[in-house]
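The following pair of complexes shares a single chain, chain A, combined with chain B in the former and chain C in the latter.
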Partner chain A sequence: MKNKNQLPALILLVIGLVVTAGGLFLFINRFVPMWSFSHKYMTDNAIFAMLGILGLFLGIVALLLARSLRKQGQEVPSDTLKQHMGLKATARISNTVIYVLLVIISVIWLAPFFCIVVQSFRVNPTGMTRYLFQNPDAALKEGLTIRFGLDNYRRLFAGDFPRWYLNTFIIAVVVAAVQTIIVLCMSYTLSRFRFKLRKPLMQFMLILGMFPGMLTMIILYQVLKDVGLAGANAMPGLILVYVASSGMGYYVSKGFFDTIPKSLDEAARIDGATRAQVLYKIILPLAKPIVIYTVLTAFMGPWGDFVFAKYVTGVTPEAWNVAVGLQQWLSTTTNISENYTMFCAGGVVVAIPVVILFMCLQKYYVEGVTGGAVKG
Partner chain B sequence: MKKYSDLEYLKLSKWERFKYRFLSFFAAIPVAIGNLFLGIGKALKKAGLAVAGEAKDIAMTFVNGDWKTKLSYLFMGFGNIARGQVLRGLLFLLFEGVFIAYMILMGGGYLALLPTLGTKGPYQMTERIEFMPGRFREVVKTVTYADDPTIHNSFKILLYGVLTIFFIVAFLYTWRMNVKQNKIAEGILKSGKPLKSGKDDLRSLVDDQFHKTLLALPLTGILIFTVLPLVFMILVAFTNYSSGHNGGETGLFHWVGMDNFRTLFSWDVGGVNYSATFGEILLWTLIWAFFATFTNYFLGIGVAMIINKKGIRFKKVWRTVLIMTIAIPQFISLLYVSKMFTLNGLFNGFLMDLGITHTAIDFWGDPTLARIMVIIINIWIGIPYLMLIATGILMNIPADLYESAKIDGASGWKQFSKITLPYMLFITGPYLLTSFTGNMNNFNVIYLLTGGGPHVNLSNGAGNPGDTDLLITWLFNITQKGFGEDGAQYYLASVIGILVFIVVAFISLIVYNLLPSVKNEEDFQ
Partner chain C sequence: MASVKLTNVKKVYDNNVVAVHDFNLDIKDKEFVVFVGPSGCGKSTTLRMVAGLEEISGGTVEIDGEVVNDLQPKDRNIAMVFQNYALYPHMSVYDNIAFSLRLQKMPEDVIYSKVTNAAEILGITEYLMRKPRALSGGQRQRVAIGRAMVRDSKVFLMDEPLSNLDAKLRNQMRAEIILLRQKLNTTFIYVTHDQTEAMTLGDRIVIMKDGFIQQVGTPAEVFEMPTNLFVAEFIGAPKMNIVKTDLVREGNRYFVTPCGAKIEVTGEKGGLLNEKNVKGGPVLLGVRPEHMKLAFERGENTMSARLEVNEMMGSELHLHVYTKDGARWIVRVPTIDLTQEQRRSLVNGAQVYITFEGKVMHFFDPETEKNLIY
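Presenting the complex of A and B:
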């Protein structure tokens, strides 16, 4: 039964788990290379490996302690009333602990976004600082004065950024439209039709998915360059590549179609509807959540794509998307000292519409993610 | 080892059960591998039999068929047209025409050059140019395929060679279909029924054969933009294709057999120990994938559980806070967070303000620290997804399981370890597997956080590998950064890509067959 002793045991357990995992990690990370590969950092590795073993040991001790504490707690005899009160008190204490934990979690998760917004308004200095707001110590020691204003946003919209933004937006809209159609075609077919090549096709795509996608980038870039769709004209090329292989991401929506009862199709077929009519008139109206989910994820993808866009657009800034452009602002030390706050402003401008859209359609996203994971 | 029956298993003590399960897991691995090879063998045998059957059928159709059928062997679709199925016949004929034209104009030439990948490369020529009126200067100029059409381009030869082979396979398949159709048509006519008209065919494309219409576009895309490039890149592993020999301007490349694999597994190539580099990066990739997957998994479940706990209020608020981080494009949050932890980043300022440290900590400078940081930041990125998934599943666990557990006096921990966790593991087994392999190829997190650095322990080889580099980021860097006289060694990238595939496929196959949700599907239903 639950008891007051439960709580320290639980805390000890968590600490024990964390320390054990940390120790294990340190040990593996330092011991194995020491023994097999490089001899350069022998002593360094040995110290860390020993630290890892120590952590492992301490963690296990903590775990054992937690266990014995829990057992002790269980063996304490108590009458019903006392037990009842104890339960209530434990519940209250554990709920308080949970609230504290949740607040800490929220702070950790929101802190970077808070910082990025604050820094996007900082005018001086434009580089990185260790301080978010004016810090008297720093002002004294490092001669650091921090001022705030809208300059970053003005600079942002005066430069290449609007171009990148437009590029990304156009790509995202087109990809969202076409990719949705392709994914739905694929998933609906694989969910509803039973044809000879269905299983082999699915297995084949599973195997294809195991190759790192990056591998094909080299040749796709060469081909796009030959056709004239790289560099300044990269947009159609990028769209083509994003969309073309999207059929392989059919899993989530196939899982959804599987849940729509087949009897609906059969009833309509008996009434004389063709397969195509079944799709347009019966399935599509029911599939609204998954359509929205697919559109949403397809729309969000290009905003974050960095590697392929960088590869294809190369050194022509007017063809970049936001990810490539903003990354470039942080790529060298000089760039950082000039553009760091502008990067923050750019990040805010990019994030706002996507976040708003996402928040509005959150329900569908959650459904898609949960459903997709459950069905594998 | 001895296999226990269920009853015997239940009699064992906890430790013995654990030992038994641990041993049987590893005992199952060789069996799984064996089955894999047996499966491949069986598949090959089946394929061989199928080919023999097809050949026999083609011959029999020819012998038994009428003159229309026989002529169709040469002119595809002739039988269809002669029997009144004009639309089908014309499509067949058109395809044959296109195929023959392609083979004569392009494909044949490329196919003939495929074994050598071209013999006549770009050459240098001195040219006298008049740079001022009356004054000449000799200039060395490289003549490439762009100036001289007789010069070969290995890249195009390989690409179009592969395409031509695809085309030939497609043609053979269509030809076989054409033969089959004749046989079927003959049969139908013999039984006195009418053949399908062109109108019927078109109608069936939105009805019986609707799946073909639906799949046409997605599959074409996958074929051209995934399968073809992949085949090309796999072949590249057996050539010396690099930016120093790119087949066009910088010279031809050619087949080198298994040399590149030898390079990657050798101890000393031009002062670089590739096998040590590869081994260390592979090891870190596996460690990373393990920690990234399981820390996210368990912490995500934990967060979901405390948010869903009875009596906790503002559930929606907590959830929304976490979900918001999914909405923000990863490159922003990752780049920003990576800068937060640099020497003059906000986090160091924070620590120094609190007086925890007096000198800034170099989070990205020490290999171990950088690795730990990457895993921790990945937790920050990954928990929201896991929280969502776990929330969905936790709500599906039948409440009466907990009720009866409570009545039996199970503690909170017991309930978690005996009900929640097994249920979660059972449902999310396949997800765990895909997320493990996904993490092995998690390019964004590593590249945007550290760019592979710090460069401390690894020897400086192609792609300048660093301590947090995964195989996938190493592969990318190889294609970006030139090294030695070859420049960017695409062939090495291709070899690494193939090895990544092998590792991923190996892990997937073995784990997948051992997953409880695959083995006993009915357990929790």
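Presenting the complex of A and C:
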């Protein structure tokens, strides 16, 4: 250790590794019991949550370590001959350590999804279990063999789930479209125009955004009920509520638009474009990454909204979205023991559109634009 | 017809900062007018007000007799070239130039002929399919000019287009702009902070400082007859030598007495002084470095000075000297006029004698800084 600055990073790394090792041990202990202790408080969900947090922690540690190791690698005076000979040993070690850490993190982050997918294919038992592939108590008791199949998916689409899925899908698509338009117009206006109330407006929205959305839940429900958009008609009501506050999400997009030089706008306006044409033909093609980001975040929002959706839709199953519907299956112990694996299958089906969307649109993030077309 | 008339144009910003005070100018059709001045003098602001990119706080701007204060930039029939090119990065050079034509819904074949024509004039035909990031600075600037050219607009506005280019390229582009002007034959308004560009390009120059117009005139007028001290010092490089001295009147003749020498005011200026009945007294005397002469021996109208810095410019030397009264002078001496021995003697600290002829002097009032004659 040549540098005192590395000490905090290394300490954090050691703590992180110890904690992660402990978590991994507990995880593996489920399937290959190495040490028996009371499992009463250690459900699968708790383990997954713990591992998620550990993964995040380890990610931060890895970043710090990477930075400090990289700095160390650069402190060595570069000899032209040594440069030609390739990376120095320190840089090679730092690369290896970083890659190992990244692999561990990937495993930790993907483990919960892996577990959910595996359990979604498990036909028997259908309840929540603490094992994935093999019941450690199978040797003791008869009739506890695990079977895999597609039964969960069949049951899923036989029930109300398709209706919930459709509801959520429609809400997500409409919200994505409307919210994107509102956010982009809002961000462009705040970025390009200067008017008296601009700064007070931005500050007001920033402060307002700090209050939790739950505060307005009751009054919103009351208003929606009075207008007739709750209960069975909850879908338009939900769309209205999600879309209504979308203007406040201008911050990231506005920051991006600020980096696009104003002289491009001016050149386009002199060339004969209206403000709308400037936004559509010049700014948005340059801002593809941020447009994709806005569309994706707007699309993903409604899929996971549980509290407000449940409150507004109440007890009319036709109006539920997937979050509310799936939760129903876990609401009582009998429900859990019957429907847990179906719940997992539902979770997988819900994740599919988002994953496809991400995979298709990922390449747009990589586009490098603006580069050099405007001086300075 | 594309005349531009600015009447009492004023620009005040929100925090009550006045950027342009009472700007009055009549630009004739097909005239090349240059706004020149130091940074922050309001020249770009005025240009942008003509373009419609800035709100006009007071006064009117007329293009071809029509008041355009409330018209959008696209309705004013103008074209503009920006300092930082402002090319659309995601479009090819062809699409950049064709953008405005496509907005006007012109047929594609017309667009094709216009764009290729402009590209040929500017020498960028082989770059038509490239994106701006694959071009050099000079090429990008030509594309920007091409984009403005194809619009066939009434007024061509240029906001410091050569500022981002290196010195050699700047000289080259300057010549190209002069050729372009001859080809296009339309009204130009050109903004720059470089007085060389102003002098070489403009039919008329508008010199600005702190939002006020200092002088409007042809390059010859502002060079030979500056109306105030600022214009005199701004135009011409190196800048004019300004020295506090006394103007002595002896009957019909005028003399100046800088640092021990006594030089009579001759030529046209002497006559004009008489005409205006200028009284003697303290004045600010201005003599351009190229009008100064170097002598190697004392004379009646020479000043004794010490050489401080000797700048070798190639065909001439720029000598920075200071006289006994602390005044600093710059003298331009063509190297061809000096013998080898004389050249060698011009070292730091050397004693030299400087003088100037009677007809090259400018006189400015020490308080108002206005030219006493013009």
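The rule we apply is simple: the second predicted complex is superposed on the first by the 246 of 376 C-alpha atoms of A that agree within 3 Å, B and C clash if a C-alpha of one lies under 4 Å from a C-alpha of the other, contacts with A are read in each partner's own complex, and residues count from 1 in each chain.
Here is the rule we go by: a contact is a pair of C-beta atoms (placed from the backbone, for glycine too) under 8 Å apart; a residue touches a chain by one contact, two chains touch by 3 or more.
Source: prediction; values computed, not measured.
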item: Touching partner for A:100 - first (chain B), second (chain C), both, neither; value: neither
item: First, second, both or neither for A:303, with chain B first and chain C second; value: first
item: First (chain B), second (chain C), both or neither touched by A:270; value: second
item: Touch count on chain A, higher of chain B and chain C; value: B
item: Chain B versus chain C as contact partner of A:129, first or second or both or neither; value: first
item: Partner chain(s) touched by A:166 [first = chain B, second = chain C, both, neither]; value: neither
item: Chain B versus chain C as contact partner of A:326, first or second or both or neither; value: first
item: On chain A, the residue positions that both chain B and chain C contact, one per complex; value: 274, 277, 369-371, 373-374, 376
item: Residues of chain C that touch chain A when the two form their complex; value: 51-53, 72-74, 78-80, 82-90, 99-100, 103-104, 131-133, 137, 140, 147, 151, 164
item: Residue ranges of chain B touching chain A (in the complex, touch as defined); value: 155, 159, 203, 206-208, 210-211, 213-215, 217-219, 221-222, 224-227, 229-230, 232-233, 236, 246, 276, 279-280, 283-284, 287, 291, 295, 303, 306-307, 309, 311-312, 318, 320-333, 335-337, 339-340, 342, 344-346, 348-350, 352-353, 360, 368, 371-372, 375, 380, 384-385, 388-389, 391-393, 396, 409, 411-413, 427-431, 434, 437, 441, 443-444, 447-448, 456-458, 471-472, 475-476, 479, 490, 493-494, 497, 500-501, 504-505, 508, 517
item: Contact set on chain A toward chain C in their complex; value: 261, 263-264, 266-274, 277, 281-282, 285-286, 369-376
item: Of chain A, residues touching chain B in the complex; value: 1-2, 6, 10, 13, 21-22, 25-26, 28-30, 32-33, 36-38, 40-41, 48, 70, 74, 91, 95, 98-99, 101-102, 105-106, 108-110, 112-113, 115-116, 128-132, 135, 137-138, 181-183, 185-186, 188-189, 193, 195, 205, 207-208, 210-220, 222-223, 240-241, 243-248, 274-277, 279, 300, 303-304, 306-307, 322-323, 326-327, 330, 336, 340, 343-344, 347, 350-351, 354-355, 357-359, 362, 365-366, 369-371, 373-374, 376
